[in-house]
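This report concerns only the one structure given below.
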């Protein structure tokens, strides 16, 4: 009980600290920008640890962060091998292919009204094909190794990317388009000089949403058949062995990888769409 | 003046359909513009000046009548890159610096890199924006943005220059300066210029032909051929001929307004 | 004239930091505006007029010096809803009709429904836009949009009216008409008005005080107190006093430009 | 009308490609079956054919092509096989029957809608918080991102077990998983949308000294609408996937997820495909409805 | 009112669990004044977790995973063992040239994980075959999904099957038994106990709960014996209870027949010898053993003794 109360106090304190920092005079400093989420995260972890201990939650349901950390550190080689298999081979290649294909199709759709009318509704249909249905089929088609995982990722990132890219390519104002008309600019000229830059905020939106989908897709697809390596493989077999600490260690890897990738995308976005009001502050 | 018709509008009509009924923006407009003409359009706000300019540049489809540009349809002329257009608002692309905004048409029309840079330098100087090439549009004042958009239209060699209130946001001194520059450019290149303005002296000072429009539905109230010589020092504005034409324009304008003074 | 200082700027400085170096937009600006004053700001494009207006309205923080409004900081005055502001571009919200755009400040400040409608009617009439209340901004011409944005600022009772080139996109006749309306409104309400313009006659015609600014870094070149009476028929523009002041303004302006004529 | 024609054309093209693809996809299985039945195929023996190119096999055994469209357990069922299955499990079955896809679709749909409502609500609330509070922006946003990198399938059983142990069961656990997947696109899009007004539009409100809530209702919310709808469309598709994923660990007794799983367990490819199509159609309908709402809303706002 | 019992199955509703459905349907449970809820499982459901979270009172699981959970600190106890025999086997293509276990080297094998891989690893360790990819003394292991496609598509040379389920799916796909060769784990001496009933140790200390379990096991065994004698009726009952509507009558009837062979030798009480064999197999298995030490108190006859006498 004491631990539970302690957890609540800790939570209040962490939030108070963050309010002080974020509303304080140095809120813009890079250090503070980093510190605030970290404090938030650390608070969550501590509260978690205290609650698990205070409420005697069985380890097989929710292990304490300290247990997860121990497991993480002791299993680094395994985690690295799994990371390479799932993220580097499965997720990344699928992400690149899926987003690339979506961009291409978005351009096709943008070029032809006929295709827009015809393909978008069909695209909606593909979007909702649930991973649990597509993954077994794709494993059957592309084998057990990372190729089938990449295929699952392609299918799951394609539509979010397409919707965003199509919306983005329609983002120009009438005057901006008229200007291009007066220059009698060709399609590709106005594409590269007007529509693509104007679409960038939306495209990055799609890239960011897809990045997390890719990760999940690659991991989940391994539940439906895999070689004996990979994050999804490890998670599902560890659940069977009730090694919940291992499950969470893999989740930590996924979260770290996903966050880093997302951060990288956000950084590039800042560079590319510096002119957009949402980036100018 | 060669007497060759560049723009020829016959019974032009344009009706917009809006959520609360049709708006008759242009009604039975007839106009002939000859090569090398400097035509000003003047008229109350909302009378259809912008619309007419847009029709000329094939940005709007007339709903009735015909219009030809160099004997072609406006759209064919557009494809031949006959137009330089300055919009009523600056409309710079926010992701490009001023210099890159000016380069935009040059890139599209395939000018060489060296030529591009030289032209950008030249037009930036023309509109008094040297040193601002590296800034982004939102870092410039309204007037500076407008000047940048003028520079963008002047950077390449279009036969027909259409300018929609280009000097609206500028002070008199700069305006006088740019008026002179524009006249010099016109004399040098023999471009045909369509120019929308609200300033009567500006219209009279610049034009060979002044088109006075009357409001809703937009019609041409008067077309005044200027007897002023092509060579125009600023002082011409004090001559009786100038004041006489200005008076005629003012009368034409006033007729279109409802205020009874 | 009560002689009570409404706006008091002391050694005001403002420096923007941009990707290629700092821009000194305002340098050592000193100005006192009294209650009921009509102050015009005139100066070359990019000299800092908009910036100064924005500082007054607490939309920009000066980097040096002090400014008080009604004895408070601009921000306190803003919280007291002391300002009506007309921006250099119309800035209407595209998802609201003209009437709803004008109602926006009224809704925010909690006017009653009936009062809102009455005021919208009145100001639409004032700017000659009756019957356009139901249209969306993009269905209006540039000048009509600008007039709608003026109407929006006039619809509620702010002590201080700040107008950034409100009549730039309007033709002379409408401009004259609105100038008269503005003077009448000013006489009736005793508002303090800050007014940016590029037209010398307009500045002279309207103002009790004309501030001539010189370019980069923006400084005050001259402050001219107008000796003209408060009651001003349009014909006053032909009097020698008027022409004399206009001349002084033009000289002050010319000094700030680099063209040697 | 034009749209219908366009969709039909695209669909026709897809169906044609699909039929063509069936041949190489299924040829190996078909040849093995035929060989078992005593037919003469080239080359003989399944192990020999295993590493051969499928297209080559189709060419060598072109007589077998019709059979690739009629296999019982094909790798890729032919369109008509899926259509027949769909027809039989929807129109030909009573809605209350456990074998009716409409019954299962309804189970999934109700969880989807509940999850979507929770997810969208949460997403919008978070986005509003993030836009208005620096603390929220700085501390919550990064973790919202982290939350999405967690493979939900791994967590789903645990979530369900935990909810189970506190007595929550039925539709709600599924809806929570579905909300978990749908809130994120809404947050991202909504934050961007709420931040899309330009300086002048914001400055105008500053001069009126509008309160934060007035700024929200009169400026930020209306200008976020296009972004919101784009994210809602992604969100509803994600919700559906979430509901289906949530159906697996709940015992997979009913719903499209259960159909998928059972189909996959028994290698009933045709059944998987028809459940997949049902899910896709459901999503397309949901997205379509959102599209209509979007059009009406934007039109009433004068933005379309 | 009747006492409530929640039973968590290991897998989806099918004849594998016929005894329980029969007991419920035939009113054997209500005769014992029990109100039993049967919770179907699925690929992602760990019955152990459900029991740990309090979602069920009793569960059906395979012994390896129950013992693993016990070692992880979840004190599960086997209270009854209706399945005497193991139904797990490896099914291979004969035409791939496999005749005996030693032929498995340098081939691709599909294996179930999720706790079911240990008998396999133990077997391979026994044969001296490594499991880290194709090689002259090693095999490539795939984590097999829930169906037999890897075999049919020839992505694997062998896959794991149950005698009562997946094997018949292969046959249903048109493969004749002569084309296949099977290795039953039981024949290889590495079988582990399947489908036992497990509860939490501390709950068992409560006499009321113990009594409930006694009645539950008694009724369940009655159900099993009824199912063995009336396989067709039992299969029909299972079909009744299948909410997915995906099961077919033919398959369930055949499954019932096969299941009956596995339950036939058991009266419900765990045979300690079978338990010993299971533990030995698990302790011998692979590089990453599921249990590291001999478990203690992992089973009890307390319930069956009372239930069956």
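Details
First chain written, first letter: the chains are A, B, C, D and E, and each begins at residue 1.
One rule holds for everything that comes next: a residue touches a chain if its C-beta (ideal position, glycine included) is under 8 Å from a C-beta of that chain, and two chains touch if they have at least 3 such contacts.
In this text the structure is predicted, and so the values were computed from the model without any measurement.
Hopping across touching chains, the smallest step count from chain C to chain D is 1.
Among the remaining chains, those touching chain B as well as chain E are A. The chain occupying the central position, as judged from C-alpha centroids, is A. Of all chains, the one whose Cα centroid sits at the greatest distance from that of chain C is E. Ranked by C-beta contact pairs, the top interface belongs to chains A-D.
In this assembly, the C-alpha centroid of chain A lies 17 Å from the C-alpha centroid of chain D. Chain A and chain B have Cα centroids separated by 50 Å. Chain centres here are Cα means. That of chain D falls 33 Å from that of chain E. Chain E has residues 43-44, 46, 49, 52-53, 145-147, 149, 153 in contact with two or more other chains.
Across the assembly, chain A contributes residues 61, 136, 140, 223-224, 236, 239, 280 that each touch 2 or more other chains.
In chain C, the positions touching at least two other chains are 89, 136. Every pair of chains that touch is listed here: A-B, A-D, A-E, B-C, C-D, D-E. If you check the complex, the residues on chain E that touch chain A are 43-44, 46, 48-49, 52-53, 65, 68-69, 72-74, 113-117, 131, 140-147, 149-150, 153, 155, 290. Looking at the complex, you find that chain D touches chain E at residues 28-29, 32-33, 36, 45-47, 50, 72-73, 75, 97-100, 104, 153, 156-158, 161-162, 164-165, 248-254, 258-259, 261-268, 271. Partner chain E is touched in their complex by these residues of chain A: 58-61, 136, 139-140, 143-144, 222-228, 233, 236-237, 239-243. Taken together, the chain D residues at the contact with chain C in this complex read 200-201, 203-211, 214, 218-219, 222-223, 225, 301-303. Within the complex, the chain B residues that touch chain A are 54, 57-59, 78-81, 83-85, 87, 89, 91, 93-96, 104-105, 107-109, 136, 138.
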